[in-house]
Each structure stands twice: as structure tokens, then as C-alpha cells.
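Labels for the chains are A, B, C and D, by order of writing; each one numbers its residues from 1.
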Amino acid sequence: MASVHSRAARAAGATLVAVASSSPERSRAAAEQLGFASAASSVEELVAHPDVDVVHVCTPNALHAAQAEAVLAAGKHVVCEKPLATSVTDAERLVELAEQAGVVATVPFVYRFYPLVREARARFAAGEMGRITTVLGSYLQDWLLTADDDNWRVDVTDGGRSRAFGDIGSHLVDLLEFITADRVVALAASKSTVFGTRGDRPVSTEDAVALTCQTEGGAIGSLLVSQVAPGRKNRLHLEIAGAEQTLGLDTEQPETIWLGRRAGSQLLPRDADQLAPDAARLCRVPAGHPMGYQDAFDAFAADTYAATRGEEPEGLPRFADGLRAGRITQAVLDSCEQGTWVRL
Amino acid sequence: MASVHSRAARAAGATLVAVASSSPERSRAAAEQLGFASAASSVEELVAHPDVDVVHVCTPNALHAAQAEAVLAAGKHVVCEKPLATSVTDAERLVELAEQAGVVATVPFVYRFYPLVREARARFAAGEMGRITTVLGSYLQDWLLTADDDNWRVDVTDGGRSRAFGDIGSHLVDLLEFITADRVVALAASKSTVFGTRGDRPVSTEDAVALTCQTEGGAIGSLLVSQVAPGRKNRLHLEIAGAEQTLGLDTEQPETIWLGRRAGSQLLPRDADQLAPDAARLCRVPAGHPMGYQDAFDAFAADTYAATRGEEPEGLPRFADGLRAGRITQAVLDSCEQGTWVRL
Amino acid sequence: MASVHSRAARAAGATLVAVASSSPERSRAAAEQLGFASAASSVEELVAHPDVDVVHVCTPNALHAAQAEAVLAAGKHVVCEKPLATSVTDAERLVELAEQAGVVATVPFVYRFYPLVREARARFAAGEMGRITTVLGSYLQDWLLTADDDNWRVDVTDGGRSRAFGDIGSHLVDLLEFITADRVVALAASKSTVFGTRGDRPVSTEDAVALTCQTEGGAIGSLLVSQVAPGRKNRLHLEIAGAEQTLGLDTEQPETIWLGRRAGSQLLPRDADQLAPDAARLCRVPAGHPMGYQDAFDAFAADTYAATRGEEPEGLPRFADGLRAGRITQAVLDSCEQGTWVRL
Amino acid sequence: MASVHSRAARAAGATLVAVASSSPERSRAAAEQLGFASAASSVEELVAHPDVDVVHVCTPNALHAAQAEAVLAAGKHVVCEKPLATSVTDAERLVELAEQAGVVATVPFVYRFYPLVREARARFAAGEMGRITTVLGSYLQDWLLTADDDNWRVDVTDGGRSRAFGDIGSHLVDLLEFITADRVVALAASKSTVFGTRGDRPVSTEDAVALTCQTEGGAIGSLLVSQVAPGRKNRLHLEIAGAEQTLGLDTEQPETIWLGRRAGSQLLPRDADQLAPDAARLCRVPAGHPMGYQDAFDAFAADTYAATRGEEPEGLPRFADGLRAGRITQAVLDSCEQGTWVRL
């Protein structure tokens, strides 16, 4: 993710002052590879660097809380990868510290930055979709399909207690709540760990989660998250039925949304001429020239930096959103372990 | 549905001897419209007709049990629309009576008769898909979208206590279990009734059900059923992930299945040359000339009639399958009402 | 094709009186297999049979003209597979004879019987699509992909001088002209024969034709026809751009049409409630339960038989349409051989 | 396009030294908006700037030749938007001048930089697709759909004699030839100008071109190009049938290619792990996180700059490719005007 972050920072006009990795050698290698002006020998040094205004934390999950806290302690702006922390308590503390510091503290829920996600949100807000009745959602990947697929994320120590849900389920629920302004209030979940070991590691984190949920607005939903789904790479799919129209959205094809209607459904392209202002502002190439993930990440970084200059960009995902994701992840784990519905 | 049944019977070479509807006048009208040789003045008369070998029961749900019982009592073969009965007890009795009568007693779970459904089933049976890890399934319609949409099915007296699940959710689970030979063993469900009245009727039956489930084989799943989903007509969609491949299937487009694979997914057409025997036998026009719902129904009727002649066609949905659907429907209602997981 | 014809006749309520094949033995086998009451020992006998009112000619192309002529000479109604004849002269004579006989004489351009084809036609007729500017069309198959794939159609003696265009290109142009009521008036074509021999036969008929055309209404178009296109089975695709909307249509997925619009395109389902009368009348199962090729063929047969009873069903493809296809096929051959544009 | 060029330059690590527009005021505005360090008062001043190593020419078509020539005369590298020139003679001269200058001179045929375009090319080169038999191609837009849509490109003086073909048809043929290494050798074309005036301008340039073509390798093809196709934004679609497999490619969805096969077609995702080296090197985010147009443009710029440093990146579109496009455009105009096939 460091290359995506650094490209986005550069595209937003930032100067890449310094980078720190897990050792001085790796820091120097990262600086060279990513085009940073210098390598910091430690997080402390990086945070203290006088030319550094914003720090991006994109380290293993278990390190996020302490490192983000260090940035905040230095009174600097921080972008922290999700999960914001591996416990709700830590996430709560970070939200509080960020508020006290009075800095910008964001979490890259980048799917919010696809223009058509904003369009969908605008339409729900305007009441065009009608009251929400059902949600069908999934986030499916296959990069951990076999027992040979290994990564620090599978390890509870580095990655935290939840893997599939914490990593990608959090995106799914964030996007659902962001688009609809409705909130999940109860859920019943079941999880699955397909392989007990990967490489040499014992694995206790889940590969997949299935859940049913209820929202504040009275909708019911079925969600599925998996990292062992052959043929899916990063498919976050949402089909949200309102009383008037259904929204169909797929982050693998973010340039079109499907608006299900009884008398002929519509395929809406990402065409700035036709979109709500908050969607149109994120369009940077003409319709039909696809925008992609890096474009979304660039927009997230640009909006974060705009916020550091005192602007108030719409829809910026902040630490409070990271905390919300942490609470939902905890509810999923609780529900799975207790075999009951859990209220949020 | 009577026109679909009668077309299928005719296509299978049957003679349409007699039809009975809710009154002698309506029976005569039906006979004329559907091309039956005569109109029976009652179910009793129909069942007793010496030239009648098979009776198709396609009346409102609440009548199924008594009418199917009358057919069985006459020692004749019976095709009974689902739900087989509106209570598990009734369905159990019908299964027993059918067995005692020694006749063929089937339920039109017609999606089983799409050739590619058979192909999918053959591939799961052969182990090509691998052990199942997750299921994402939905059956979505929009024909009851507004409060003005009315039908006898919404009425608990005619339709039974469950509507959306009993009517279409039953198809979804039947198809899932038919294809995988795995069984749902536990579920947690939530339901929604969007309109308290439709026309003049008070409505207590559900418009939508969301559920999460576990299977005997260890898979977890998320299912959604709705009759108020704008833009969907009869979309039964299944995405079943195995350890090797994912099956993607959509009954609105039954001529292709998606086989999700990590290194390039496959789109398999309904091409007899490439299919398993039980799939190939159901192909009646060349690949690329779409087969549809009536073709599937014709095949269901043909197989039912073949069974009456002593053949044993593969995959024929019998009363036991109708009972299974009734038990799952009951479990869904119980789970919704108790707010707990229910084991099957 | 005989099984498709006989199923359609039965579905239309016809009695299958007699069938004739290339020998008495094969006639008897066909009668048994297809469910005819008797086998005729010759075409002459069949045509003379007192109970036969309509004869379906579905023999190799080179036999069509003489056999159709025999039916007409007997004063009976005739359905003749396309190409109606292997020369324009023969086709012209058949049109004239049919007119003189005063009988119904039809050619199964069955794609006309997909309900959404009628809907598209109604919308062009009503001016909703706007003046046509461009046409992109193709009919692609792969059943003759390799040199080992053989069939009587590849032989110029049995199949006629044009194969790919005569067999499937004729459908493509018929559908284009049927939907738009515009006519191709000039074309420049190029053809390709990939294998000089198939099995033991020398092959001079073409595997593929590419052409550009102009219509009476001022549109320009690009069409491609091939029987050696890997992955395509019977894909007739049309994308017809009008000044207001584009029609996208694919006969492999005939249950939806795409209506391209500048500000959000529409996917229109085959839903009788929303369609023009001539489209709605062809819907026989609810939306979302797919209709297919046999349904279309059944409707073609039903309309042909209705015409024999004096009705005037909309859009019935008659011998004049078969002649039109023959003229276009000849123009394609001429253009290919002369290397010039040919006017029709 | 200036913003796309400048973003790509910045992403490639370039310093944005100076920009020149049509007046000093507009130059200053462009410098500010795009983030250039300074504004040049003229092309001459820009070209002479000592810190400028590479000049991007993205002005109206009629200015390309003279401005590119000025850059070359200064001995500097040049990126020139297509069409390289509005006459074949001018394009030929530029190729010669670039060669004499010994600099890098490229044309942004950016679709070459979608990773799966490289994958397709590698598979054709390796013989996996088989000998090419047919090509179906189109590039469709709707931004000039109505008479009210106006742009300097519609004017023959600014845009050159060909509009739709010169602007987008050139991409289509470049991509076809780039992927297949086959060459169009003959074509018969027809063109259409839908509106005689747009705004106040008389319009002689074409809105659409339909053509059929033959390739050196013996394939035949049908191509369509239009800027008045409702519902299409920038859809360049190619379906290239080989003896073994068909390639299906759509630049509006460049993250998947369809590999048509007789026994089950494949959908290949843009997944670096599975791709040829020249495709994998262009992947910069994981599979399933879509890459888009700006990513492709960034890669084009990065490769151009790599070439200025003496590297020899695969597939870089140079002035010779721009000249090739000019020759094909001229052949299309000749064919349309003469009503004959034209050989290249």
C-alpha cells in the first residue's frame, strides 16, 4: 500500500519528505523505491522531522494505534490505514486524541471516492431511491484461497483478531452506511476459518463471515465477506433496494451503477455532466475513459490535504469512521462466538 | 400457472382430459382457454374421471394439501405446486400417503430442469468444485413493490403464514441443496413486511427475508429473498464458492454459468457437446438458441410422466422435497419470531 | 430442425399427420421419433395426403424450391426453411406461385418472434429512437471452427453458393430491416473460406462475410457474419443508433434490450406490462422467467396457422421476405466477387 | 487533455517547467491551474527554455505539425497528440525530422498501455489465438449527438478533413494492428455527416464511418466509428477471432478480457500473477482494484521518459505509428469519396 499512498501524495502536490520502515535499511530502500527525499531511522525521527506535516501510517495492523498516537502526540496530521486499531478501546482513544490535537486524522475508506458512490449517496439523500427495504452485499477475494497463501494478516498478533471482516468487511459496511446514511443496529454472524495453518503459522483469524443484519431505518440485509472465493479479486458488491429504486454497485466496475426500476432499469455512467456536484467534482477524465482505484486514492489524499488547509471536503473518512468499523468488527466477533444476535 | 402446466403436459404427449376450477363456469372457461377436452364440476369429479391418470394441483396454497390428498386417495399420480402444504404436519402426511399409494408425486421445483443446473450438480458431485466454503444467494422480484400490488398470496388464509420465503425462498434453498448435495443445518433469519395492508387486505405475510446459514458440510451462507426489489423479476442468483472453483448461476440467464477460478474464470455455455449426460439430455435446441422456463417446465412434466411409466429420471423433485422446503420455511419463521438461530 | 418444427406444430394444436424423409426407412424413423401419426413414402404422397393442410419443408437447401413448389401445386399452405431457394430466380418463382395459389407461405425468420424484437420495432415505428445513423451487426457461430467440422451445408451442391451469409447473414439483415423498416440499398462485402476441404468435401462456400452497407434512410452500417468464431454459438447482435436512442439486442439473451441514451441507458426487460401490444401478445410466461428459441418458434408456427384460418398476424415472415433475403445474399456474392459496391 | 498530460508527467517524476497556451494570459492561467512553474509567452519561448527537455503538444490538430517541428528543430523530445498532422505529407516530414534529430518522438496511443492489451498482444504473438479470421471493431461516442454539440474538432480548418475517423478510428486501427501484428491492406468505407452545421459552423467533417477491410494475414473485418452513438462514451470494442480463440476487449472495461473458446470461454482478469511480463510490468495496483485511463497515460509518459534516458520500452507508440494512422485515415477518406476499395 505504501506505493499507492506515495503516488497519491505526489499527485496531490505533496513533497515526499521522509519515510520510515521496519529497519534503517528497509527505510532507505523504501525511500529510493518510492521517491522520498530521505529515510528516517525510526517512527520517532519521522514524526519529529520539521518538514513533515502529515504522516501516513501503513504498517501491520497491530502497530497502527501506537504509531498514530505518536503522530498525534507530535501535533501532526495523520492518515492511518484501517483497521484504525485492533481493539475498540484503542480506537476510541485515538479518536479522542485526534480531537484534542485538533489535527486532521483520516482513514482510507477509499471506495467513498468513486464518483458514482457519491452519486448514489446523493440520490439516497434526496429521497429518490425511497425507503430502504433490503440490502445484499458482499466483498469477495481469492488471494488467500489455498493453504499455501500466507501473509502477516493471517496472524492474530500482527493482524488482530478479525481478518476477513476487519480488512474488507469494514469497507463493505462503511460503504453501505456512507451511501445510505442508515446504520446497522443488529447482526447475527457466522464465521469460517478454512485452514488451521498457513505456511508455519497457526491461523485463528477468519477467512469468511456471513451475516444477516437490521438497520435503524428498518431494512434487513445479508452480507458475505470472504478471502477464499475463487474468481473474485476485490469485488465489493452492494444491491440496496429502496421503495422506488434499487442501487447496484460493484467496486470492480465503478464506472457504472445500476438503478433497478420496475419498468426498465437504468445503467448510469460516470459522466460528470449528469452527476450531483459532489460526484462531478471527483471526475477527472471524460466519461468512458475509466477512472480507477488510484484515482480514488488520489482524491482521498487530496481531500485529506485540503482538510489540513482548513477546507471541509464532503465525505472525508475520519478516525470516528475507523472507530465505527472497529465496533462493527467487534460485534461480528461477539455474534459468531456467542451464537446470538448482537445489537450495536 | 395453469397455462404453463397444460403446455408442458401437451408437449409431453399427454391428453388434456379435464380441468376443474373454483366453479363450474370457471372450469368451463379454463377448459376452453387451455384446450382441455372437458370441464369437471369439482375436484372430486376430476379425480374420479376414468381417463385421468395424473392430476396437476395448481390452486391457492391453502388448498394444496386437501386436493393432493384427494388425488392420492384415488390412487392417481399427482403434481402439486409448492408449497406442498401450509404446515409441516400436512406436508408430512402427504409424503406418507404418496408412499402408501405407490404413485408418483412431484413438486415443480422447475429450476432443477435447466441443463446447466444439472451440469453444476454433476461438477460438485465429481469433486471438481472442491469443498464448499461460502454461499451467497438471493431470489428477488418486484411484482409486489407497491401497496397497490395485491394477490391472494399476500393473505395468510390463502397463502399460508410465509409468503416470500415459502414461495420463492423455497426454490432458492431447494436449488442450493440440489446442486451441492449439502444441507442447511442452522439459520438465523430476519423478515420484513413493508405494507400492513394491500388493497383491502391486512397483510401479515413477509415481503422479504434475510438470513445467514450453516451447512452440514461446514459452509456458511447469506441469503436474501424479496418480492419488493425494484428491477428484479425472477432473479434467483447463487454464487457457491468451493475450494477449487466458484459456481455462479442466475435463473434469469440460465444459458451460461460462471465458473470462478483464481487464474481466469470460465463462462460455460449450455452446449450439449460439453456437458454431463444428465445435463445434455435436457438440451433440446442447439447452443446459443436460448432455452427458457417453459422448456424447463416441459422437462419436469416429461420426467414426471416418465416416472409414471416406471422410469427413474434423475433429479425429479418429489413430495419429500416439498416437505423439506416446508421444514426450512418453518425454521425461517421460527428464527424470525424467536430472534435466535434455529437448527434443522 | 425437424424436432423444433414438430414441437411448434404440436404446441399450436396441430395434429402431426405425416412426415416424409429421404427414404421410407428414414421417414418411418422420423415419424416414430417426432410423434407423427404416419410416415409418407415420398414428398408427393405427403403433399397429396387428404388430412394434410400445411407442409413444413425442412430439407437441405437445394431441395427447398422444388418441394415448396410441389406443396403449392397441391394448393396447400407451406412453411419453407430459409434460404427459400438457392437462386433468386427460383425464389421469385415461388413468391409468384404462392400468390397464385392463394395460400399461406412462410419462412421461419423466427427471431422476429422474440417479444423484445417486436418492442424494438414498435419504438422505431413510433419515432422514439430517432432517425437511424449507424448499424453495427454480427451473427457469429463456432460450430464449423475446425477442418474436421463437416455438414451438408458446406457443400455448394446441397447448400447453395453462399453458406455463412445465406444461412445466418440472412437472419441478421432480415431482423435489421424488420426492426427498423429501413432497407439496405448498397453494400461492399468481402468473404473468407478458411478451409478448402472439410472431411472429404471440397469447400467453396464461405465461412465468413464482412460488409459495410448503406440504407435507404441514410444510415451506414458494418456487419460481420462467421461460422468460425470461437466462443460464439448463435449470437446475432445488433446495435442500431438513432438520433435519440440506440437499440442493443442479442439473440443469445433475448429477454433484455439495451436502450442507449446519453444521460443513462436503460435495460428493458421482457415484461408484458410495459410492452407494446404486438410484443405483449407474444409473452407467455411472467417477466424474469426466460422465454427462448422454442417459444419463438412456437409463436411463428401459431401465427402461420392463424394466417391459414384467415387471421392477419403482425410481422409474419412470408415468401417475399425469403426472396428479399435471397437478393441480398446474391448482392453479397456479387460484391465479393467483383470487388465493388453493389446496389440493391 | 492538458490536465491528463500534466498529471502523467508529474507522476513520472517530471518537473513541470513551463506551459504555453494560445495567449500569454491563457498560458498564465494554464500554469496556475496545472501546477507549472512558469508560463511561456509563446511556443518558441517554451521550446527554447533551457530546462525543458520534453515538450507535449496538445493543441488543435491543425497546429500539431508546425509545433512538433519547432520542438524537433530545437533538438528536444516531443510527445504529439494524434493526429500527428492533418496531412500525410506533413506526418511523413515529421517522422523524417524526428529521425534526423535523434530524439524520442511519441504519439499517445494510450490504449496500448492497458495491461490486458499487452497480454492480448503477447498471446497473439505466441500463436495461442491462432491465425486471425475475422475482426469486429467499433469505437463509439455520443458527445456530438445533437446539432447543439460543438467543438473545434468539427471544423475542417482546426481539426483536419477527417474527424471521427482521425480522432477515434485511428485509435481503433492502431490497437488492432498493435495487438495482432497484422496490418490492414485494403478497405471499403462509407461515411456520414449528420448535421450540416453545429453552432454557427458549417460542418464537413464526418460523424461516423463504417468500413470493411482485409488484412495482410488474410482476415476480413467490419469496423464502425461514430461520435453520435447514444449511450456510448468512449467504447473501443474489438472482437478478434483466431482459429483457436477469440479476443474480446472493451476499453470502457479494460480490466477483463474475454477469451472466446468453443468449449467454455474465459474471462481473464488483470492479475499480474497470471500475465505476460510486458503486461505485468504495467500493473500498479492489485487485481480487482481497477486501473484506468490515467494509469495508462501515466505509463505512456513514463515509457516516453524512459526512452529519453536511453531505455527501449516495449510498445512505445512513435511518430511512425502516427504516420501510419494518417495513411489509414487518408485511405478511408479516399474510399468514401471514390466509392471503391482502396489498398494501403
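Convention: a residue touches a chain if its C-beta (ideal position, glycine included) is under 8 Å from a C-beta of that chain, and two chains touch if they have at least 3 such contacts.
Bear in mind that the values here come from a model prediction, so they are computed numbers and not experimental data.
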Contact distance in steps, from chain B to chain D: 1
Repeat of interface B-D, chosen from A-C, B-C or A-D - more than half of residue-number contact pairs shared: A-C
Computed distance of Cα centres, chain C from chain B, in Å: 35
Cα-centroid distance, chain A relative to chain C, in whole angstrom: 53
CA centroid of chain A to CA centroid of chain B, Å: 40
Contacts with two or more other chains, residues of chain C listed in rising order: 232, 258-259, 265, 269, 271
Chain C to chain A touching residues, read off their complex: 258-259, 263-269, 271, 273-274
Touching residues (chain side chain B, partner chain A) in the complex: 133-136, 138, 140, 142, 145, 188-192, 194, 207-214, 218-224, 226, 228-232, 239, 241-246, 248, 258-262, 265, 339-341
Of chain C, residues touching chain B in the complex: 3-4, 7, 10-11, 13, 35, 141, 143, 232-235, 251-255, 269, 271, 284-295
